[in-house]
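Naming follows writing order (A, B, C, D, E and F), and every chain is counted from residue 1.
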Amino acid sequence: MRVDGREQQQLRTIHIDTNYLKHPEGSVLISVGDTKVICTASVEDRVPPFMRGEGKGWITAEYSMLPRATEQRNIRESARGKISGRTMEIQRLIGRSLRAVVDLESIGEKTIWIDCDVIQADGGTRTASITGAFVAMTQAFAKLYEQKAIKKFPITDYLAATSVGILKDIGAVLDLNYAEDSKAEVDMNVVMTGNGEFVELQGTGEEATFSSDQLNELLAAAKGGLMQLFELQKSVLDEKIIELIEGNGKKEEAE
Amino acid sequence: MRVDGREQQQLRTIHIDTNYLKHPEGSVLISVGDTKVICTASVEDRVPPFMRGEGKGWITAEYSMLPRATEQRNIRESARGKISGRTMEIQRLIGRSLRAVVDLESIGEKTIWIDCDVIQADGGTRTASITGAFVAMTQAFAKLYEQKAIKKFPITDYLAATSVGILKDIGAVLDLNYAEDSKAEVDMNVVMTGNGEFVELQGTGEEATFSSDQLNELLAAAKGGLMQLFELQKSVLDEKIIELIEGNGKKEEAE
Amino acid sequence: MRVDGREQQQLRTIHIDTNYLKHPEGSVLISVGDTKVICTASVEDRVPPFMRGEGKGWITAEYSMLPRATEQRNIRESARGKISGRTMEIQRLIGRSLRAVVDLESIGEKTIWIDCDVIQADGGTRTASITGAFVAMTQAFAKLYEQKAIKKFPITDYLAATSVGILKDIGAVLDLNYAEDSKAEVDMNVVMTGNGEFVELQGTGEEATFSSDQLNELLAAAKGGLMQLFELQKSVLDEKIIELIEGNGKKEEAE
Amino acid sequence: MRVDGREQQQLRTIHIDTNYLKHPEGSVLISVGDTKVICTASVEDRVPPFMRGEGKGWITAEYSMLPRATEQRNIRESARGKISGRTMEIQRLIGRSLRAVVDLESIGEKTIWIDCDVIQADGGTRTASITGAFVAMTQAFAKLYEQKAIKKFPITDYLAATSVGILKDIGAVLDLNYAEDSKAEVDMNVVMTGNGEFVELQGTGEEATFSSDQLNELLAAAKGGLMQLFELQKSVLDEKIIELIEGNGKKEEAE
Amino acid sequence: MRVDGREQQQLRTIHIDTNYLKHPEGSVLISVGDTKVICTASVEDRVPPFMRGEGKGWITAEYSMLPRATEQRNIRESARGKISGRTMEIQRLIGRSLRAVVDLESIGEKTIWIDCDVIQADGGTRTASITGAFVAMTQAFAKLYEQKAIKKFPITDYLAATSVGILKDIGAVLDLNYAEDSKAEVDMNVVMTGNGEFVELQGTGEEATFSSDQLNELLAAAKGGLMQLFELQKSVLDEKIIELIEGNGKKEEAE
Amino acid sequence: MRVDGREQQQLRTIHIDTNYLKHPEGSVLISVGDTKVICTASVEDRVPPFMRGEGKGWITAEYSMLPRATEQRNIRESARGKISGRTMEIQRLIGRSLRAVVDLESIGEKTIWIDCDVIQADGGTRTASITGAFVAMTQAFAKLYEQKAIKKFPITDYLAATSVGILKDIGAVLDLNYAEDSKAEVDMNVVMTGNGEFVELQGTGEEATFSSDQLNELLAAAKGGLMQLFELQKSVLDEKIIELIEGNGKKEEAE
């Protein structure tokens, strides 16, 4: 049995509060157990210098934690004057993942800034960020689409992420909390689209290794959790948006 | 009449949610109208190098805004690699203000880190931070006192802050929102203790000046608002804590 | 009696040497007792990016101390790689104060850079900087006006600053030196225009508080000192410049 | 057929020149096709602050490219004043991978600094770095073991890395060069131990996704290449070192 | 006798491997004894902002050492976040020296970036960098000249550098290795053109001084070594390039 | 004739005002024509980490210019967040030069911080800094010697610096002002001790070269100027200090 009483394949309780803030084009507060992240999507009417003139858009993400999101207070990265390697890895992962389900050509030279700010951390902050940011981004695109600032709704599929890992006496478990994460021998983050394809797969033996069989077990557990996350995302999105996304998905398959 | 329909001397609607987060020793979410700030208090068992060996404690504050707390997205200070002058001014102000109502000798060589993170901004973020941080700090000290980690409850009075300003066609107004703040000719932040004494007074003619009479009008408006804020603070604090604070206040007066 | 033998309401000996340096458009060495500051005004033919195209000018200030301006040598901010919060606060205050007496519209898209470099520090460096910078700036505008680079002389009133504070056994005192400043319970900087209006008021209880009565006493002391500083400024300015400033002042009142 | 005429499952020509430099405890020049990396291992007699007193060692890696290792010259990270997210990701990956085959307890409070400096880049610099760094690290430990500075030879298995990817008209390919890497739809880095277990698995759909079947194809290709890399590593290591590594491996299995 | 058995006036064994790397327009690996430096020349089709519109080119140099080029590992300057004074001095020296033998007018608005990366250090890295960079730069210009990207071959003379110094019991010596350099009382770097004129002369008494006679002795030793370095440079350059350089030299003399 | 009417071998008018500031152990304002530098010497009772435990002292220098010391205002290095290569070169030169005439063993583990702040620049700021800093440092040591904080007076000779250069139509000139410096073909800084020995010799052909004959002419001109500078230094030093320096010099010669 797990520390918090869950089954091996059981997700924590998850909520997504939409339109959480007043100013951003899209914003949610996602809670995955005690992990809480504010995800916002902001639209800027230009792209970074390296992309100008190509006529396509860009999605970029930033990630941060409040200093006391964690058990011990962390020094702010602004006070340190630099961003840690961990933060950079995470924000690159979030941006790359979201870009996989967006047709960047169809939004023109716009940048969508995704901000994921962890208010409270209890493991899985990067996967919660991706799952929440997908919803915030979707709402920002819905707003642009409604205002006719974009002609085509650009999202082609759902996108969510979760973690899986191997615990010594338990085996493969889904959606690790912080206590589990710090003891796990293998830790894997899986980002998947609604149709069950992988976008990112990052598995790490923490001073340990894992076999092909263990890999398969982990992937199966992840897939089970992700399917529930897609259902949750649908439950907070407008019917109209769901139709647009699923319509895009079918077109893609047909091609 | 004011843009949001308030009277000249009327505060916005204010809420203080206590114990907002799981990890910090004290934490609140304060809303002053649409301005929302998470204030946390973290206890560290040592003081900064310049104070070691003196046997007394320290209170220091950090302030930040989520990038999309505002109408336009701001670049993160961690991404810029440096903290702006405005941020520094605000965090110095918060720390200095809180230290005015704490008997630093009585807490020993501990640092209380105050973090004020603005989730949503609509004017008055620095004064909301002070009013909220006072409550978070009080709860952290209550926890230390309960655990007998400090012998004496160190807070000697209530502490709150508000803004006042002069608007062209209206005159002196209390608790400016962002729309008012950007048009005000004079802008003043007042930090006060429960017994009506000033801790900080920062008045600025924004490319304008103000007379002694205007100053007096502003101070009267501020005092009115602050008295309501002290009542609000008391309404969210434990009876026992209120007794301790007021007991300390009486001792001080007696001296 | 005060440590240096002055009366409570007495300023230190003050000198302003004008045209102190060869290159800047305006430059003074101001001494306020043992505090010595070089203030220069430099004209640049453009404004910062956020102001371009508005047709109005800008005044910005930088402040620094030589490493050994003080009793103990300080590490240079260039060596640290960042500017302290204190420096930022001071340079923002100087710039904001000077802008209050300049008609920015009338100078076109020019920036006046004010540099205040403290050669020797003995308390009151920020107020000495403002009082001296006003003269350096005036001379720079006089040069531009003479060269017909600006059509209207833009300064609308005198501007000076001083400090006041409360000392334990003495009460309210004017123009604190370093020894007094470090012991003062309350410390207040007052920036005023020649017609007796406030531009900035920054009062701080240093781990202490102050009452309304004390505030009034401090403001009276400040006003007395400032009136002497305006006289000193006039004594080092050309007759012609004095006429231009006072002419502008009368026009303003008439409006 | 691939751009350079290789079969889908064919590695590029690989050389490892050992003892490449005079000063480091271990050093190699590894060439994987036109990719050339200098890998060094340096021994320091202490561990980072967060590990002191635990009696175990640490392995940390740094990665850099000469500015003109690439087709276009890159700005040096020292000139930029900060390290890019890509560099941070790579050096964290190298360090984590190497630690998976070292018994850190057995080396005491020592840090092994791994430096991977890319002299010439043509794709696969991070995997070449891991494969080369393993040999440099092994030689450094061999030196310590010979000098009796460590009692037990700490390496428990071989470690190598390679990349696999999916090219549009070709399918799964092994060991991508730069031209292939920039066109690949899916890109995966696999770090493996000599006994065929995974240490790291990082698969990314580059604005694309991949299925479970594709994943299996990629993993099979990677495994084939990695087995050849282990043989190459053995061919440049001393007979004695090979015995020590394989002895450790057998002991581990027995446990 | 010297530590490595050389005569006082004897250079170490020197090799210049040309076309060392695939991407840069010019690249060499120069070895001076155990000192090894990769020198590359990269062509960029624009000049720094301060030179735009003048129609002439620029040559700039950067210098770095691999962390373990030395006996003790050094922290990377990218990790420190800033470039040391020593590095800045050296890269300014390299750039200035090379510019002395190039007709910058004749290359148009191009920048030649010289990168000198020390792979292994044993004294004299800055002089080896200059001697090697001259050859890399020459090859880059040869490529531009061949491609008709420049009309005139811009190099007007050979350029090389060496060090001389005074050792306590030996006297003036040529081409100091690290062991000698750290004990030398006087240390001088001499940069000279093929016709025997000085470009740079940097002599330093290391907590010591030197007389006019000693200066003359050092300069004579340097000249002897430099003449051999020019011969070595010629031996690795194309006959055609040699003719172009020497033709330019004669034209200059005739003027 | 030179732009300012001087003879080729003529120094500008030079003044050294001693005890210029109140706080530092030694301080001067040196003027060399229109170049004005404040040089201070501060004593710290410890040495940098790399020297601890050796029982000897250290002398280190910092150099800076006020932003408007020059014709055009320069951005402060503190605002840029980094120190330029030129500044680093100059401060390393000043420190190294001063250390050549001080017996560091005799002062114990103390650091002398030399600060050279250029108030007004008109060429030759680095040589004026050295000449002035020598006097400031001497006064700081005199104070330590008087207080018996050091047993032996540590200065072994005078130290001064000047510049020489070659101007197109004039030839070798002494002590270049800014107008001359910017046109000079060759520029050389010479640091010398009172007994006529070189400490530093830095000659640079500014996109030009110079012959041995020109070198000799430059050195003769420099020596002539330096002898006058030593006389000036003596004229502002106490008789007692002069005796101590010259006594040390004789002892050294005798050894």
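Basically, a residue touches a chain if its C-beta (ideal position, glycine included) is under 8 Å from a C-beta of that chain, and two chains touch if they have at least 3 such contacts.
Here's who's who by UniProt: A, B, C, D, E, F = Ribonuclease PH.
Predicted model only: the values in this text are computed from it and were never measured.
Contacts with chain A (Ribonuclease PH) and chain E (Ribonuclease PH) are shared by D. If you take chain B (Ribonuclease PH) and chain C (Ribonuclease PH) together, no chain is in touch with both. Copies chain C (Ribonuclease PH) and chain F (Ribonuclease PH) of the same chain sequence form an interface built mainly from equivalent positions, shared numbers / all numbers used being over half. The pair A-D is the one among A-D, C-F or D-E whose contacts match those of B-C for more than half of the residue pairs. Comparing mean CA positions across the assembly, the chain most remote from chain C (Ribonuclease PH) is D.
Bringing chain A (Ribonuclease PH) onto chain D (Ribonuclease PH) by least-squares fit of CA atoms involves turning it by 180°, to the nearest 5. The chain with its Cα centre farthest from the Cα centre of chain B (Ribonuclease PH) is E. In terms of their C-alpha centroids, the spacing between chain A (Ribonuclease PH) and chain B (Ribonuclease PH) amounts to 35 Å. In whole angstrom, the spacing between the mean C-alpha positions of chain B (Ribonuclease PH) and chain D (Ribonuclease PH) is 52. Counting partner chains per residue, chain F (Ribonuclease PH) has residues 81-83 touching two or more of them. Order of chains round the ring, from chain C (Ribonuclease PH) towards chain F (Ribonuclease PH), by the touch criterion defined above: C, F, E, D, A, B. By the touch criterion stated above, chain D (Ribonuclease PH) contacts chain E (Ribonuclease PH) in their complex at residues 21-24, 27, 34, 38, 40, 42, 44, 62, 64, 66-71, 73, 76-83, 113, 115, 117, 119-120, 122. Chain A (Ribonuclease PH) meets chain D (Ribonuclease PH) in the complex at residues 82-86, 88-89, 91-92, 96, 99-100, 104, 188, 193, 195-212, 215, 219.
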